[in-house]
Amino acid sequence: MLAEIKGLNEECGIFGVFGHPDAAQLTYYGLHALQHRGQEGTGIVVSDGKKLTGVKGEGLVTEIFTADAMSKLTGSAAVGHVRYATAGGGGYENVQPLLFHSQTGSLALAHNGNLVNANSLKHQLEAQGSIFQTSSDTEVLAHLIRRSGFHQMKEQVKNALTMLKGAYAYLIMTETELMVALDPHGLRPLSLGCLGDAYVVASETCAFDVVGAEYIRDIMPGELLIINENGLTSERFSLSTTKAICMMEYVYFSRPDSNIQGVNVHTARKNLGKRLAMEAPIDADVVTGVPDSSISAAIGYAEAMGIPYEMGLVKNKYVGRTFIQPSQSLREQGVKMKLSPVRGVVEGKRVIMVDDSIVRGTTSRRIVSMLKDAGATEVHVVISSPPIKNPCFYGIDTSSKEELIASDKSVEEIRQLIGADSLTFLSEDGMVKTLSQLGTNGFCLGCFNGNYPTEIYPDTLQYYYQKG
Amino acid sequence: MLAEIKGLNEECGIFGVFGHPDAAQLTYYGLHALQHRGQEGTGIVVSDGKKLTGVKGEGLVTEIFTADAMSKLTGSAAVGHVRYATAGGGGYENVQPLLFHSQTGSLALAHNGNLVNANSLKHQLEAQGSIFQTSSDTEVLAHLIRRSGFHQMKEQVKNALTMLKGAYAYLIMTETELMVALDPHGLRPLSLGCLGDAYVVASETCAFDVVGAEYIRDIMPGELLIINENGLTSERFSLSTTKAICMMEYVYFSRPDSNIQGVNVHTARKNLGKRLAMEAPIDADVVTGVPDSSISAAIGYAEAMGIPYEMGLVKNKYVGRTFIQPSQSLREQGVKMKLSPVRGVVEGKRVIMVDDSIVRGTTSRRIVSMLKDAGATEVHVVISSPPIKNPCFYGIDTSSKEELIASDKSVEEIRQLIGADSLTFLSEDGMVKTLSQLGTNGFCLGCFNGNYPTEIYPDTLQYYYQKG
Amino acid sequence: MLAEIKGLNEECGIFGVFGHPDAAQLTYYGLHALQHRGQEGTGIVVSDGKKLTGVKGEGLVTEIFTADAMSKLTGSAAVGHVRYATAGGGGYENVQPLLFHSQTGSLALAHNGNLVNANSLKHQLEAQGSIFQTSSDTEVLAHLIRRSGFHQMKEQVKNALTMLKGAYAYLIMTETELMVALDPHGLRPLSLGCLGDAYVVASETCAFDVVGAEYIRDIMPGELLIINENGLTSERFSLSTTKAICMMEYVYFSRPDSNIQGVNVHTARKNLGKRLAMEAPIDADVVTGVPDSSISAAIGYAEAMGIPYEMGLVKNKYVGRTFIQPSQSLREQGVKMKLSPVRGVVEGKRVIMVDDSIVRGTTSRRIVSMLKDAGATEVHVVISSPPIKNPCFYGIDTSSKEELIASDKSVEEIRQLIGADSLTFLSEDGMVKTLSQLGTNGFCLGCFNGNYPTEIYPDTLQYYYQKG
Amino acid sequence: MLAEIKGLNEECGIFGVFGHPDAAQLTYYGLHALQHRGQEGTGIVVSDGKKLTGVKGEGLVTEIFTADAMSKLTGSAAVGHVRYATAGGGGYENVQPLLFHSQTGSLALAHNGNLVNANSLKHQLEAQGSIFQTSSDTEVLAHLIRRSGFHQMKEQVKNALTMLKGAYAYLIMTETELMVALDPHGLRPLSLGCLGDAYVVASETCAFDVVGAEYIRDIMPGELLIINENGLTSERFSLSTTKAICMMEYVYFSRPDSNIQGVNVHTARKNLGKRLAMEAPIDADVVTGVPDSSISAAIGYAEAMGIPYEMGLVKNKYVGRTFIQPSQSLREQGVKMKLSPVRGVVEGKRVIMVDDSIVRGTTSRRIVSMLKDAGATEVHVVISSPPIKNPCFYGIDTSSKEELIASDKSVEEIRQLIGADSLTFLSEDGMVKTLSQLGTNGFCLGCFNGNYPTEIYPDTLQYYYQKG
């Protein structure tokens, strides 16, 4: 139920095109397919070979890019971004791509991920006289590039990247080039595709499908791709790389029709559900999933157990930023937002409720109680991932350690708190094996087991342990 | 795939409350739950016992009702409406509830359905000097009420209702009363519930769930409910009634968590899918449904056949009114809207694609082709309802007769046109039996078999046979 | 200072064109020139010979008519309206032109003025079953036309007009005709012009100047003009007519560049100022006018007296509907809206402050005090019209009788209340003679002397004597 | 007619408060009074002693600062800005005050004027790695402050200011201080006032009047004021100062109710008009001024000549940014924007038309022709300033040298081009003497005589001689 918690998600989505006459339009459709990765703000910067032009704003892709706005975006290369709420906080300034003009040229930056040494770097840069216009991590890279002693753009970028620690997938566009960089652990997904002679890059492959592009391969950890009129070249800016892709992308964040490292996300989730059935077979009348991200796992669990899968919970798809929250008194009278139980399905039934994760436990408690109010005689909660015991420093904002219910409570304690008749988590081992059988491995499991692939800095730690 | 066709749906949703201090707020949440029944416009009128106050506009519930707008709506009775595109066409004037002020009192009207003699009635009323401000059917009732010779409001309304032919669920509110009327065939769903001492009325029971109301019963064909400070009284304005509820409400239009005539919609659909498996068992690797309305039937089919259900198609939930359509050239390059196939799920597989209906066939053809492009080796289309051969005159706009692919083509001809490896429709008999086993009957099957429960007027006929 | 008082002005402006390919565009510029007559709402309805299409909204001409909106308005005849706040109150519905569609044809209505028997007529019409959609007077005419027993449109209109009492300048447009009607006393200004072969009609001639049209003549009291493809015909619908044009149009309401009955408004005002100098010569150092409507009179006074005219008061021209009013505490600290005194001009000077009228006296008191705070040693107030002792029933809302400071106070009492060193009003006789010397006569002086040209109905009287 | 030419005006207005609980509200009213100095964008930044918060946007003060926006601006110090179109071009980023956050503190900057060495400074700063977020001159100061080697803010600012060349009035606000700086020639007006214990600063004194503040004195050339909780201290950052205030502020740019260097602007203009009568007495029937800025001079000329002043031209005050320009064909038919001639005043008359200046001559030609079309028998143009022969580098954008009609044409040639019967300019000597008699001197007359108070850099020169 990770996605349901406000402020939980610091993820973003990025999309880039080089060499197509409709670069901005393709980016529009690509970003639209990535909208689930961020709904707070969005922007597109386009290059016509001579100058960079951008449009951005706070809102959805369909809100910000009017026909009028799109008509300004002509050129054959483009980068775009959808944003939830990054470390930098809200505000127009922080909406990406960031666009920097100087007398010698322009630069657009789009970033997915979270740096762990951003504050240290900012401190040093400001001491030398740099002025930051945004509170986002992303701007740090621009300053490092401009201050690098190197003359060639490629060298400036490589040099700058070596100073960053943490998770990052970057699109860097000048008037004539599109550069694509992934951190040395490949913490965030990033794929390369083509569309005729044009190249496209996206956080998820579902964006390739909507624009009719063909998938080529995933970007490698520590790789810098340079795409210009001479074609594509690949360089390594870091030689010490270890793949550690975020497991949560499979568990709940990516779209089910995307493939990550060649593995389809829906299939991964369904198999996690099947594995759960193997590890924790429960006798019940119906299986239901918490929409939308847990449906695949629920179907897998039901199929493996031979118990009917039913639509026991329905999500209102029209909930948006402008929804008026019910007052406390209305909430007590039973006014619900977003999720409704389906009485006709659960009444008088023993229900297995599959969810992808438990963060603070409040949502799970609410859903269990909702199902019981609707007449479920038993509610068994099964979670298609292990307990989240530690914060994420790389962009998946699982809240501070104190807020994580599993950080200091046993499974039995959590079960009591959420009011379930039973509670089962998938084992870490079972999760990794399931993915491994599908053909992929090399994960960041930091939020489950505390083993982070990068060093973590004191100021970052403080931030994550205090907030909330 | 009925819901996918632009302009297809002339349905609406209505919601009313009497006797609750937060009447407008409850209506807001109720309409929000009914948003799938109409996204073009919405309005709420509230009564504080002395005057009626309204807010309405073109857009979604969350767009029209800002905190500011809601603060104007104080009172203990309210009626609300969500609208797609009724017979009257677009425009602010046609957004409901309609609100009429006169020197002797005010009147608010909210209508779900479609009259078949609206034009004849308008013609007569205009000849007598009436001026219509809207092009919607709904206004006819207001004029009939005002011109009725009776003195008492209740008698005026009953007299006026007897002149209407067609499908209608009406909410009629004055300063002191809420009246609820359903046509003599009960063509559209309409349910009564309570919330403490307050009464609520809604097109679908899902709206009761979100506001914490308790379901009492469905409104009966030809019934007029009068709710005022003395409580609720029920009268019959028509003695010759025959229940003929629209089958399409079960098949695709209502929300899966609603109950109609006591039958859960998800369950009905799942059982239609199971029945389909019985009537047309097909050997394949995966079953997939066209989101959102066909998922339940697909799961039922898969479960009955023992074939895995997979997410072979994904719908983009952020598609809104302001979405920019791709140009022809981009569409030819493969840019997609709304639906994407999941290559990782269908590649190399024999796919059974379950849909709720086929109207013009264009959408089915597009989806079949999409699945084959994504690598499906076979695509078998199974439809959880019979062929639609005739137009609907009661609010479900299945286009004119000429546009209906099944009006003059055989199943084999349709199969060839949509490019499927096989095509199967559920039998009419199987459909009715399935519902009957769940405990309900008395349906309008006009669009399938041409047997309409009411007479149809020449001018209406002409309209439906010409348009498109 | 009549225009300064909120809600004071119930006047409107109307503009019509027949026979020009750019009818809507011309109406746009015409309405823009008439914007001073109403800033609350505006609309344009256009006819292409077959149907009427309208755009309207609450706001200024430049706000409501976007390029997008204008592109919908194609046709060779158009009527437009700017509205302040008529008897009907605010709201989108009441913005004019009103547009009525029926199965036999459409009708657009634009009205400047105020009926005195609107309530009586509404009462009768509603008793016969008519439903009013607006609370504006204007709709009454539409119902009277539709209910008239006559067959020909012209006869329907003439018959309907005979039932109206009060002030009205009407534009009535069907698919093929533009009709123009003025009440039997000609209370409101209305002029006819031409632009090549096209006819134009406007509340003020300043609108002719901005569209390059040539003035032909003023519409006569009790006249009905019918303009269609056969040209222009003039009829009388009332034989008992007496010209009684509103004197306030000259005194403060019309634009200085307009001519009414052949007399330029700036010239009229300047001559009223000169007459005032003759009637009340005062010794002082500078003359200043209250902007904008009193500048001409002040210049006339200064010129006749040989005292320098100075800009002693400046008006902020950016004050709009969205201006945030200062809080009480800020107002006490001296925060001002709209008007500022010019210290550099009035400090240490004896100031003659010319204004066009005194309604409640509050604005005059504020300005006098402002001038003294800015260092004026004496402030002599001279008013270029007589005391307003009675309400207006014809569209110039001079508030209820109780609010009019001159209704029960002597000039000396008013002087004390506003804190002036002396106070002089122009005599009624002097005012009429000044206009007469410029070549016009036949005025409504009801607000000065209580002699109203029409009968006044009890319900209207009650309204005007109660409100405020 | 300087203000009438699009893009002509690069001026801005600034306003600051320190030590008042309603700092943002006062700034709102102050900026509103300065709105004539810039209508393209506006912003306010407020300090609550701990952090800076800002709101800004493209539009008028009344459009950008909604009640909602104002509620975010709490604190006791504030700086605000209204902007026309500075050297930097349009766009949200360029709207001021600019607000810079760093880990050690925040900084807000508001600037009126134009630097002549901005490009050189930017070039140097970018070479050292600085990134500019805006294309406005103003940001240069922020970078110079941050890169200064000094530790104390005051020293940083003084050091940075010494590097700037050109015209500037700066407001610089940190969490705890408001600094106010004026360039060593005092090219732009800037005044200090107080409101109880609070200090206020504004581009023009008219802003003091609307907030009830008392004028103290004008800021001196080369002065840096520092206002904080210890009160106000004044320092000099430049010892070599020569007062050279822009003459155009008197001639047309400032509001008539403002005082500059103790001289009222209306009075200055009126006296320029009187001087013109002395230098160029012309026999005619009426005198008229081009609204709004030439009215005072016209009244002065009329008064000195004993010829009646009349309102021969009227300006539409509702012209805004969203006004739809008439098409070429409509313009040819006589559709006018902004200015209308008053036929009733000029017909058959010999007209003296007073204007403040002639830039390109196109507007003058249009007005002369308009007056003749309206029946003027003769049109004599008298200009209350000398011919503008040179561009302005300090913020008054009088276009490039090539566009200035007086740069290479004689008075007689200009007269013929604009179609006037005679044309007279005020002499430079007469202009300076008039102001001198009112008690002020020390002007920049660069645009008249080419004597600029600062050096001008090659890149700036090129810009001004090329554009257009």
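We just call them A, B, C and D in the order they show up, numbering each chain from 1.
Just so we're on the same page, contacts are C-beta pairs under 8 Å (C-beta built on N, C-alpha and C of every residue); 3 or more make two chains touch, one makes a residue touch a chain.
Owing to the predicted nature of the structure, the values given are computational and were not obtained by experimental measurement.
S.K.: Just give me the whole-number Å value for how far the CA centre of subunit A lies from that of subunit D.
M.R.: Here subunit A and subunit D have centroids separated by 50 Å.
S.K.: Using mean CA coordinates as chain centres, what's the gap between subunit A and subunit B in Å?
M.R.: Once rounded, the distance between the two centres reads 36 Å.
S.K.: Hey, how far is the Cα centre of subunit B from the one of subunit D, in Å?
M.R.: Taking the average C-alpha coordinate of subunit B and of subunit D, the gap between them is 61 Å.
S.K.: Tell me the shape of the graph of touching chains, choosing from line, ring, star, complete and other.
M.R.: Looks like a ring, each chain touching just two neighbours.
S.K.: Where do chains touch, given as pairs?
M.R.: A-B, A-D, B-C, C-D
S.K.: State the interface residues of subunit A toward subunit B in the complex, per the touch definition above.
M.R.: Contact set of subunit A toward subunit B: 22, 25-26, 28-29, 32-33, 35-36, 39, 60-63, 65-67, 70, 195-196, 206, 209-213, 255-257, 259, 263-267, 270, 292, 295-296, 299, 303, 308-311, 314, 316-320, 322-324, 326-327, 329-330, 333-337, 340-345, 374.
S.K.: Hey, which residues of subunit D end up touching subunit A in the complex?
M.R.: Contacts found on subunit D: 92, 100-104, 119, 122-123, 126, 128-133, 135, 142-143, 146-147.
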